[in-house]
């Protein structure tokens, strides 16, 4: 909490009445108020919260010049104050970023079923969920990079099986699929209530590189045959 | 992570030669990046966006000291950086709508046990509290984003373990877990290991070793009188 | 800080009624018998109650008499019984353990006896009380820190969310598990009639017991203490049978080891080494 000496000069006009310590404190308050507010803050609102006898306009002018050369500027809009990224730096903030989207409830459900029940076919996913799964949901999960085609079930129709990816483990902070909590642990954590039937089971997922007994590995040929293109493969790159 | 650390090493040497203009520019960028986000921004993320050859740690240290006396401070949370209002100004900023999550006594107790003992299993939490954890408790803490499944203990039964999150550190203003209040004393007193420490004696003042005014130092004789023999007393074992 | 010593009264003499001690600590815990049930509900389990009782001994944990504490607790449980207050099983199991502890402290050790000594048990209890209290203090310190959203504030108008994730989607493990659990739950519940919550079975009691003996990994003969506190005299015979069955079940699960010297001898239990972190200890298995 040391005072900045250069302030004293600028404050010359009021300096006779306000001591620099008070002024510095006022600046800290104004700064914090504007920073924490979701909307631009009116000058009156700030003034009400400053120590008595401190001129709000003076304080704000000081603050504005303090921030003028910095990465963040204090700007005034209609008697309201707000912090904004310095215009010349907007490129750092918006470049490569795509907006991060929240996964829909449906997508979360499908993803969790795939995680626990893999290798699992689409029909099985629908059976567990009790509703049809739109193709879009699986696409989203593929796009996210968390779900992949694992193989094909050796049953009539040779349905494709789904599984999770390495990125899935990374994202959710799991070392291996076996780290997913089991029935007792979900119960213990309060995620499942005690009111579940005795035969209720939470499967222990198969490791990602392990094939089930009735599963064939998926090949490029399969993908082409099915008219499936690995997502992300074409679009962005 | 590994790539950046290489870079940092190399950059550290150059830091002295980097011209101040470049450094100032880097500081502006870092400032803008951290300022623009409500959540802590990872050091790697910042480093990726700084001019080549600038040491991110150096820049952040400089920025931290620049903001140290101000109304908004730069704080570090687990290799991430964030701007936060200065704690002494809370009275100005707090409004009636301001509210933090209220925790039950049980939830708070479980939270601190997880924080100090992590990674910790549910059975261990219950062992420390001597009572079953009610279903909702862990759920509440996980929903708050303060507690997470960490993995599994490499012991028979492979129980899942719990730990705290970055949000936990951020919420309680901790730079890292080592900053947990009283951690060293608790460790020193053997209170964080599952087993009774070898030198554990029944009689031991709780936090501090000073005796209250109305207390005499305890002696072996007193203990016998109380019907207690310390396990450490039998030295022949 | 929670209950401080300020309102707690003078050191206890053994002949004093323990209830007086308990209810005279006015703050937050009532002062007359009618509020008894509420008072018990105010405790976070038997260890919490013990901590509270320990504080009423005036001396701090350093100089606590574990024996006196055990007696106080047992007297409390007895009184609760007399006024027909139902105590949660956790409390009763602790009572059983303390009754056993008391017997170990009072009866001279037999040569052939290889259960834990009373002193070891007392030390274990004191350690656990101390550890719990330490965690409480830590919790208090934690909660009194400058907290985000209460004392310290983040940028109110964030301009972007920095992300290094290759994936353009966000979700936490908790979101995922929560989605899975509630989905499965939803479908499970539609198919079953809801099971009625039964009273504490002996298997449940054993589970709690197993946790209570936590730090004791030596042979412990808790059975008849457990039965005494957990059951009605009239049901004791069947209870013994089912408890024995339950313990065999736990043995099969590898959670406990069990031993009996001979017919009608006490049944000794201990936590199985397999179920826990290894500890160097030559098993004195005499069977």
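Letters A, B and C name the chains as they come in the text, with residue numbers starting at 1 for each one.
Keep in mind that, in the parts below, a residue touches a chain if its C-beta (ideal position, glycine included) is under 8 Å from a C-beta of that chain, and two chains touch if they have at least 3 such contacts.
Please read these numbers as outputs of a predicted model, since none were measured by experiment.
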Farthest chain relative to chain B (centres taken as mean CA coordinates): C
Chain closest to the middle, measuring from C-alpha centroids that were averaged per chain: B
Gap in Å, rounded to a whole number, between the CA centres of chain C and chain A: 39
Computed distance of Cα centres, chain C from chain B, in Å: 27
Averaged-CA centre spacing for the pair chain B and chain A, given as whole angstrom: 22
For chain B, residues that touch 2 or more chains besides their own: 33, 35-36, 83, 85-86, 93, 142, 148-149
Shared-contact residues (touching 2 or more other chains) in chain C: 153-156, 159-162, 172-173, 177-178
Chain B to chain C touching residues, read off their complex: 33, 35-39, 41-42, 44-45, 48, 82-87, 90, 93-94, 98-100, 103, 105-106, 108-109, 111-113, 115-116, 123, 126-132, 142-143, 145, 148-149, 155-157, 170-174, 180-182, 186, 189, 191, 194-196, 200-207, 212, 215, 218, 222, 226-231, 233
Of all residues in chain C, those that touch chain A in their complex: 153-157, 159-163, 165-173, 175-185, 187-189, 191-192, 194-195, 197
Touching residues on chain B, where the partner in the complex is chain A: 27-33, 35-36, 49, 69-72, 83, 85-86, 89, 92-93, 122, 133-140, 142, 148-152, 158-160
Sites on chain C touched by chain B in the complex: 44-48, 59-67, 90, 94, 105, 119-120, 122-124, 126-128, 130-139, 141-143, 145-156, 158-162, 164, 172-174, 177-178, 208, 211-212, 214-215, 254, 274-277, 279
Chain B-facing residues of chain A, complex: 1-2, 27-33, 35-36, 49, 69-72, 83, 85-86, 89, 92-93, 173-175, 178-179, 181-182, 185, 187-191, 193-194
